[in-house]
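Next, two complexes with subunit A in common: one pairs it with subunit B, the other with subunit C.
Right after this comes the complex of A and B.
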């Protein structure tokens, strides 16, 4: 045993000496192994950290640990990363209460949140429409005025609104001139030009009061259509139970307003969406420039994005101009002239000059904007407290519209800046069901009453042709159990119902939207598309998925449960993709390492044929030679791999202290906050060593085989 | 006296591709203990092949080679290696020292392979041999720092460190100048006398043969005769 150790000693000593003697080879081989070890440890640790923090983001914002949906669905559920690609085809879960009761029987389940995810177009804030509506109501008020006081007040309102509309028309006239300068004159409809010119003329406004309704009609029909400042917003939303949602996703906090009270219709904007899509664009850009210059250390002079925003603010003052009525125009002119020290009378040009900001004057202009100008402007196209009319295509393709009051905005703590986490707004379950095409019992009855009144008969889809073209068909089956809109409406009836809702009952509906309280039973017992499940022990996701599906079967439900990563769709895949890339990179590096190391060792072995032969001649067994070479490789592997892994550990722990800042909003999501604090996984260090040793061992196989074949005779051979 | 090497009708053929090249064509030779024997002959006469067979580096194609009473043809590769390690010392034409080891470590190497002695015992034997070959000061030097003659002395020390019964030297002076070569042979001769070690060395140098007890002459793979150094010198027209 002692002698054996002594031999190992000499083997090791020779190995070390050989490594030192052929320094260049050792450095090349060692360098590659060093880098490999570093990459395995640092790369894997970093990825593990991203996965861990991303899972916090995904789990904490919408997905929960597990998502449950109907196993009969054609598509798989994706709760995140949806763009405007339409809804996945999911079968509904008919009775949420039943689903929840079943889920809660599974031991590890802590809470269940009902959900349905969809998206809808929202038309919002066409300034001219709003201005004309105000003018119309002022004219109406004047018309209906009973006392002198009322008449005077209404007259003043009419005058003010007229001023605003004239302002808008003059902006349009300016647009038209610009268009003529840029475009071929023939592409502009002369009728449009004439209409704008007429609306801008003094004569038109002098005559306005003679036939106000005719004039309004002209403005609504010919002018409003040309002021295309209305944006179609696409809002993604989750229909849910606000109380359960807030309790289960404790990172959610209300930023403005309040949460939606239990049983009421309501809408909460994601703060990010509210800022990004509903804020006055000029103001939003000012915010972003401020963010860029003050928090990210960029300058307007050097950063192309900030430069672009300044340019857009200068060229897109129209959005603000359209909001200015006569009084505000005067006010803005005076303020801007004072601020800029200018004699310019045109407010548009003043605004353009005002927005021409640079690094020196930006902060001052920013403050001036919010202090002096913003109070006179509608900063958000939808205010907290407004009733939002959301129109969505139901599953069967009809347009369904629902009025929901906006109660406030919310965000997820740590994910404030993430577009991904802040892309989904929240809506009450009842409104969601209606938009998705699931009718409440009451609405169903209302429609049936309407059908009766209108004399509309049930026409099923299969019999529609026969009905229309008069051939005999069996009587259409009456709608019974299915509560889908497609089964209970005919093509003619659905739009009528919608129109009724909007024109006749508009005000009533808005009232209803605010005050109506739905009984808990109706909220709970209805249809949902999916449900988020929060676990007591998040480490047991896999077991719980199995348990949930089994419990579902026992309760007669077809439940499909997926983990948060699957539910996160593309985003969940993203990490896998990065991991794959890392593994491929590691694989390639180690393959290259294998080849290079192998090559280097073969060269080294060939150079040492005589030495090996000599050793064999003086009595070294083959296994001694093998041991010598293997020890050499392993020593290199251990030392350099260890150094690489060590540096990786050091790097990760230093970075873990400082944190990696999230450069863009996407990274906020992956980092689950403004910074990622990577941690070392012990398994990664073990993996690094295993890989390094494996590679070292593999790469010395062939050279070792060559060395073993060296005969002692080769010691005698003389090189010529 | 007892024969330490006994070669009987040894034939050695090498195969180069499809061609069989005969290197030895039936050599019979006995070497007794304590001999100091030169194997002489021109290049290609089979000197090295004969030494390889005696040194257990190779085995004969036919015939037999017995070293220290063991028939090498009956031994496995491992047993041959062990035989080399424990019974034979090697001195090479170009010294064949391990360049990354110091002089002392080179000398110690066979002892480490043998695994018989403890560290202090090894150190003692190494320093005694260093003294013996006149390199006391050079123990920590690297072979590359030594002259050719010094290196060959290190090689001799390495060959003798295990106290082998037999030392084989293949053209030990071929890479040395004549004066140094003579010194090396003097050293070998002295060791032969004092340690009673048997030496067999190959050479084609007349002045080297002069140091031997006897000269075995080879030509074309056959043993021509066994003569005294004086006879060999006389036949070549040189003074003995």
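Right after this comes the complex of A and C.
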């Protein structure tokens, strides 16, 4: 042992001497190893930190540690967006209570949240449609009023809504005049102009109350159709049990309003969606300009995005004008004239001048807008407390609509600015099931009965022409072919049809949207698409997945469990892609290192043939020569790799104190907040050393093999 | 002319004859026959007017329609509906009566507006002519009076055999300013009785969207027209984008008598669900 250590000492001494002797070679080889070590430690630490942060975002916002769905599903579950368009084709889990009970038998499972993810369009019509809808509702309320108090209240509503519609018509009249000025008059339908003039006349409004429904139909069909500012809103939502969701995802907090009470229908908007898609566009742009100038250090003068927003606010004042009735118009004119010191009478022009903001006047105008103008405007298309109508094509193809009261908005703490975490809204499970359209046995039987009564036969596409129009002409002469066209004259037919006055009945869901409380049993013992599982010990995800699937089998359920990263779909794969890129980069660097070290050592070996031959002549074994060269490269690897890894640790530690700022909404999600604080993983340092030493040792084998073959005779020949 | 020259001339004559006959057998390759059969623009418009005229009622119309949509891996979508129309102002309404979950829903067309009403939420929504009725592949215009001559400009594509029938094939392009479900249509009209047998409906890009067959036509005496009105008793739509999807429409219990004045109003459709 002592002899062996003494040999090692001599070998190390010689290795150091050789490294110093050829400094340039050592620095080049060492430089590459240094960079490799740095990349392994810093790159991996950074990625591990992103994965850890992202897992907090995904687990804390929607996925939980594990997602469970039906193993018979055609598609895989992806809760945060998927590669393909549309909803994934998932088979349903028929009884959530049964699934939950089965999952809770698994030791590591802490809680289970029922879910279903889908999306639907919300169409609201244009501004005039919306105003007329309110007027119609007010007229209906007046028509149905039973007490004097109700009548007086409804009358006041009708008067207010009439004023608003009148104002909109006057804006439309102005638009038409402008259009005539810039377009060829022949392209404007004179009937449209005549209809607007009629709707703007005093006579029309004086007579409105004589035949209000007739007047409304005229406005809806002839006036509203001339406005083209209808917005389509696509909402993605999770159907869930609000109480279980809030308890399991503790980063969720209600921003405005309240959560949906247990057993009630209800909808919570993600704050991000509420601000981005439902807020008055001019107000939203003002918020964004404020955010840019005050929090991100941008200026209107230099930032093209902020400039664009100012331009859009100036040119798009119409959406505000359409919200004003006569009284508000007078109020806005006075306020804006005072603020701008202008005598301009046109509110549209005053608004355009008001929105012409620069870095000097922006803050003042922003405050003025929210203090003086906003209270008279509807800042959001849907307000907290409104009933939202959501319509979707169900899984079975039927169109289904539901009314859900909007209870409030929510966001996840630390992910306020993330588009990804703020993309999904929440809906109660009962409404979700209705919109998703699970076909009940009763409905299926009704459909089959209708089909049977109709007695229709199926004709396949391939045989359609042959079956429907007789055999082909070349097979059977036209004259002999059976003619299917019947010519039955049935003068004065008296069909047995439903009486026109008969009501179709049917329970109106709109009336029970707010009031009905569904029993917990009905909510829980129903269909879900997936369930989020929160674990007691998150480190045991793999074992728990196996246990969940096994328990499902024992309970007669076909459950498929996936971890949060798989459930996150595209986003979950993003980290894997980045990791792959990093590994490829590390592989390339070390391959280059391997080749360069190998070449350098081969050159060095050839230069040292005399020395090696002499060593061999004085009794050095081949093993000694091999050890000498391997130790030489390991020393280079150890020193430079260690320096690289050390710098990596230092870098990550420093950055870990300061944090890397999230520059965009997406990075907010990946960093699970406004900054990423990277941390060092011991495994990364160990890995860096292991890789460096392995590569160094491996790259010295070939030159060592050459050196081992050097004989004393060769060395002497070299001398000659 | 000697015998050899005569034989050579005979052989050439036969060759030309055979070649001409062969070309005539290939569709679209018979210039002489096309020249004779081609319709003038006026004739085509007349033909379309005739097609429209046969289906016109010049009054009110009420009928029941059964709609069935088949889609791959889905439960069939089935509706029973009643639809109403008024020729004088082109008003139109479809009221869904079954299944229970859809009862009371309806479409109402007044002027250029197509409204959809859902009683379960009490809301009216504005739709376009491209709306798929109840999610099936049928459009509002499939239930309305034929207005081909007013809406489209025709071009001749010759005759074509369609099973046992000989059909006049026309390509129709939508006139400017018309809100149409399909801007381009190829249509097969039975040469014998001028009923539509088949339609291919295209997007403006030229992509085929739907193929429709009209295998059964019936006629009914209309008091307002004081004559017969023809209507398709069965229409089959085959989706050309989602190839597995098909829709069947069966029209029955037609009543061409006058309807109440207030029928085509939002208030009436709403009242059906009160």
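The rule we apply is simple: the second predicted complex is superposed on the first by the 502 of 720 C-alpha atoms of A that agree within 3 Å, B and C clash if a C-alpha of one lies under 4 Å from a C-alpha of the other, contacts with A are read in each partner's own complex, and residues count from 1 in each chain.
To be clear about the criterion, a contact is a pair of C-beta atoms (placed from the backbone, for glycine too) under 8 Å apart; a residue touches a chain by one contact, two chains touch by 3 or more.
Treat the numbers as computed from the prediction; the structure is a model and nothing was measured.
Student: Touching A:217, do we find subunit B (first), subunit C (second), both, or neither?
Tutor: second
Student: Return first, second, both or neither, reflecting whether A:354 touches subunit B, subunit C, both chains, or no partner chain.
Tutor: Neither partner.
Student: On the A-aligned overlay, A:610 touches which partner chain: subunit B = first, subunit C = second, or both, or neither?
Tutor: A:610 sits against subunit B, while subunit C stays out of touch.
Student: A:432 in the overlay: touching subunit B, subunit C, both, or neither? Say first, second, both or neither.
Tutor: neither
Student: Looking at A:133, would you say it contacts subunit B, subunit C, both, or neither? Reply first, second, both or neither.
Tutor: second
Student: Spot which of subunit B and subunit C makes contact with more residues of subunit A, would you?
Tutor: C
Student: For A:17, decide between first (touching subunit B), second (touching subunit C), both and neither.
Tutor: A:17 sits against subunit B, while subunit C stays out of touch.
Student: Just subunit B (first), just subunit C (second), both, or neither: which does A:451 touch?
Tutor: second
Student: Under the contact definition given at the top, report the residues of subunit A touching subunit B in one complex and subunit C in the other.
Tutor: After superposing on chain A, no subunit A residue contacts both subunit B and subunit C.
Student: Quick one: which bits of subunit C touch subunit A in the complex? Just the residue numbers, please.
Tutor: 62, 64, 66, 68-71, 74-78, 80, 82, 95, 97-105, 110-113, 118-126, 134-135, 161-166, 190, 193, 195, 197-198, 211, 213, 215-221, 223, 228, 233, 236, 238, 243, 246, 248, 250, 252-256, 259-260, 263, 265-267, 271-274
Student: Given the complex with subunit C, which residues does subunit A contribute to the contact?
Tutor: Per the touch definition, subunit A meets subunit C at residues 123, 125, 129, 133, 136, 213, 216-217, 220-222, 224-225, 230, 389, 391, 393, 395-403, 439, 443-444, 446-447, 450-451, 454, 456, 458-459, 461, 464-466, 468-473, 476, 478, 481-498, 500, 503-506, 508-510.
Student: Considering the complex alone, what residue numbers of subunit B touch subunit A?
Tutor: Listed in rising order, the residues of subunit B that touch subunit A are 48, 51-52, 55, 57-58, 77-78, 81-82, 84-86, 89-90, 92-94, 96, 98-101, 105, 109-110, 112-116, 118-119, 158-159, 170.
Student: Which residues of subunit A touch subunit B once you look at their complex with the stated criterion?
Tutor: Of all residues in subunit A, those touching subunit B are 2-4, 6-7, 9-10, 13-14, 17-18, 20-21, 610-611, 613-622, 624, 711-713, 715-716, 718.
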